[in-house]
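To keep things clear, I will list the structure first and then write my remarks on it.
Labels for the chains are A, B and C, by order of writing; each one numbers its residues from 1.
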Amino acid sequence: MLDPINFTNVIISGVLTGLVYGLMALGLSVIFGVARVVNFAHGEMMTIAMYAAVMLFAGLKLDPFITVIPIAAAFCVLGYFLQCAVIQPFITRPEHSQFILLLAIAVIMTNLLLILFGPDARSVQLDALLQSIEIGPLLIDRGKLYAAMVAAATAAALFGFFRFTFTGTAIRACADNWLGARVVGLDVKKLYALAFGLGSACVAVAGCMMTLLVDLTPNLGPAYTLLAFVIVIVGGLGSMTGALLGGVLIGVSEALAGLFIVPSAKSMFSFALLIVVLLFRPQGLLGHRS
Amino acid sequence: MNARATGALIALFAGLLLLPAFASSYVLSLATLILLFAYTGQAWNILMGFAGQLSLGHALYLGVGGYAAAALYFHYGIGPWLGLWLAIFLCALIAAFIGFLAFRYRISGVYFALLTIAFAEFTRIGFDHFSWVGGSGGLFLKVTQRESLDLLNLRGPPAMFYYGALMLAGAALVLCSWLLKSRPGFYWQAIREDEEAARALGIDVFKWKMLAMILSAALTSVAGVFIALYYNNLFPEQIFHIGRSIEIILGPIIGGLGTLFGPVIGAALLTLLAEIATELMTALGWQFAGLKQLVYGVILLFVIIFLPHGVWSPLARKLGIDNVSRRDAGAQSLDSK
Amino acid sequence: MTSLLEVKQVSKSFRGLRAVANVSFEVEENAIAALIGPNGAGKTTLFNLIAGALAADSGEICFADRRVDGLRPEQVCAAGVGRTFQIVKPFAGLTVLDNVIIGALLRAPNVAEARRHADAVLQRLGLAAKRDAPASALTLPDRKRLEVARALATRPKLLLLDEVMAGLRPTECDEMVDFLRDLNQREGITILLIEHVMRAVMALAQKVIVLHHGEAIARGTPEQVVRDRAVIESYLGEGGVS
């Protein structure tokens, strides 16, 4: 079990999976950290994206690497309108209220998926990904590698957007100082909606990539929501790098936990980590104490 | 309470007492479910509606309570009247632990909710691997004689469970009614409204939050024991599931947080609407798993958007039994602060 | 006269910013003292330090010959210090009476006693007619009165009032001044107020302490302080006091 080659393979696998987790968490970081929405439906949104990818693959034989673009675009638009139409009025209400709104949306999403698609597991099988890549003695799963690359590229694109474009900077300004942003004439409502849309797009990409890594059932939603929150909190609220880093950390720790403990118990570790972080370092690894 | 309200309450109680005499077993089981939801809703309401702490992991106490009593009965033949005490003790201890960690480290709001979820999920997965109580395969209690009444071991006909649930719901109602007008009730509401102001008036916020946590958990654990005995089986995936935690909170939110009758009305409304919807769908030939949960979600969505105060306050006004809700020291809404 | 409240060399910094710098003063029993100074001078921070809402970096705070620095706010209140907040914090979802009952419960052995005492306090502050109104429905002057009533219901020996006159019209201000003077003379409650409304300060305070940039730059009777050069330059201005 502790053979170094095997160990390294597991770590690499964990890092790759972790990058996809990280992208999902990045979406939450934008939504929660910027648009200030406690997105309890985050995992459900990802599950919907996964179903979209799987159904398009089953129906049109298009693999997720292609369908990821229209799905992400669709999610961006849908996210924008969800925020505008439904969530916006809840910004002024206390946190609990908003949390429950998204809880209701999450419950509806999960059960709609269950009703539409049934409880059986589905997956995407691409022949091209069946062969693993060998680097010396190390074995890397091709699907995981490509998925991780797409995730990393998307994250990079997002970072670039927030760093180098005017809109991106404007969104960051809103997150920093809502009132100040309004004072200088930024349309905060639109920017919040855009942030939500971008976060949703991230989730969509993560979801499409995730279909290559796991089997899909309708009840994956809650588990991913919690995972996303664990990562964002561990990595640090308000830090996008933290979300990615947190994702990788969780990915690796889950992989290691799967190696050393019973695999089905690996999420226990994530929850334990969440509890510890919430209590002792609530700003996470890279976040700032507000 | 005004005369109208008292009259209505008495009539309702009389009706409920006599229900098993003329109701079908289907209606009886539905009523038992409603009363159970009303009970767990009241228990949760103490922590959220009164003290303002949002717990989304109350299924933890259902599970631990249920498993504690069931395990004692299953392995040692110890009756549930004793198992109940273990259930309450364990849940009170766990709640004190979580509360201590949370309140000592000033965790509140969304983070507190996430903490409670994390503990429940952690326990769920833990019990999946807890072979002494059956692990993920579940724990099954022997279904012995269903027709005869064995009060010592709480085995008996559905009517026994119905009256059990009725007693629990009734007792919870009386307890919450008393609490609202007593020192704990006032202090909890102060904490809910404004912790800093509460402290400035000499209220030991930590202590009172802990009390709310422990009381709420202890009461919920009793429901867990009830569930174990009623259904005769326990599965970690079901009893600890976050869906269970959500079911618990639906009644109070829909009925009205912090009110006395909110959880009861909410539980009734929710269960009835869900049953009607399911019956409708079955009649139309659509049989779906997840339909009931979908209905729950839609109702919750509707209520949170359009009636954040819950259904009870406007309903009470309409029915003219208003004074009752006024005495509930101001219905807590998820709306204004 | 013995000092009820002694603040000795108290300092508090927030991430390098000195909010309160080595402040010392005393408030005698049964006296009314005022803390004045420009915005940002550290007055509310000082209140928070006395009331236990903040922990001082250094120095001592003694109340009734007992050290209270380092105590939690609820413990300081139990010791006999009542306080109001600059931005009022009513229990919005509760009625006016319930708000005050919660204050009264500190010393009352049961709810019935607390209710009686609360009623009496509301009567004194002229809020009795509104006892069943939700606190959220009150006008600002009434909210201020409620805030005072609530703190008063805890039967304090020292009352810390943070800008309780702000937003009140001159007549309302005079009413509050009369009420506070009455409270002080009839019940012997010691009062320390933060005030910008100089009219109230001149009318009520026997002693004034002036804070500027966290330091106590002057102290004395109102008449002495308004003529102090440093106070005029930093806060009052040449126009004098209205």
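As a working rule, a contact is a pair of C-beta atoms (placed from the backbone, for glycine too) under 8 Å apart; a residue touches a chain by one contact, two chains touch by 3 or more.
Because the structure is a prediction, the values reported are computed rather than measured.
> Would you identify the chain whose C-alpha centroid lies closest to the centroid of all protein C-alpha atoms displayed?
Centre-most chain by C-alpha means: B.
> Can you pull out the chain pair that has more C-beta pairs in contact than any other?
Looking across every pairing, the one with the most contacts is A-B.
> In whole angstrom, what separates the CA-based centres of chain A and chain B?
32
> Taking each chain's centre as the mean of its CA atoms, how far is chain B from chain C in angstrom?
43
> Taking each chain's centre as the mean of its CA atoms, how far is chain A from chain C in angstrom?
Roughly 50 Å, centre to centre.
> Tell me, which residues of chain B touch at least two other chains?
337
> Which residue numbers or ranges of chain C touch two or more of the other chains?
Counting only residues that touch two or more other chains, chain C contributes none.
> Within their complex, state which residues of chain C touch chain B.
51, 53, 72-74, 77-78, 82-83, 85, 89-95, 98, 101-103, 105-106, 110-111, 134, 136, 150-151, 154
> For the complex, give me every residue of chain B touching chain A.
54, 56, 101-102, 105, 107, 109-111, 113-115, 117-119, 121-122, 125-126, 128-129, 242, 246, 249, 253, 288-291, 293-294, 296-298, 300-301, 304-305, 308, 334-335, 337
> Looking at the complex, which residues from chain B come into contact with chain C?
181-183, 186-187, 189-190, 192-194, 196-205, 258, 329-333, 336-337
> Would you tell me which residues of chain A are touching chain B in their complex?
Answer in residue numbers: 38, 86, 93-97, 99-101, 103-108, 110-112, 114-115, 119, 218, 222, 226, 229-230, 233, 262, 264-265, 267-268, 271-272, 274-275, 278-280, 282.
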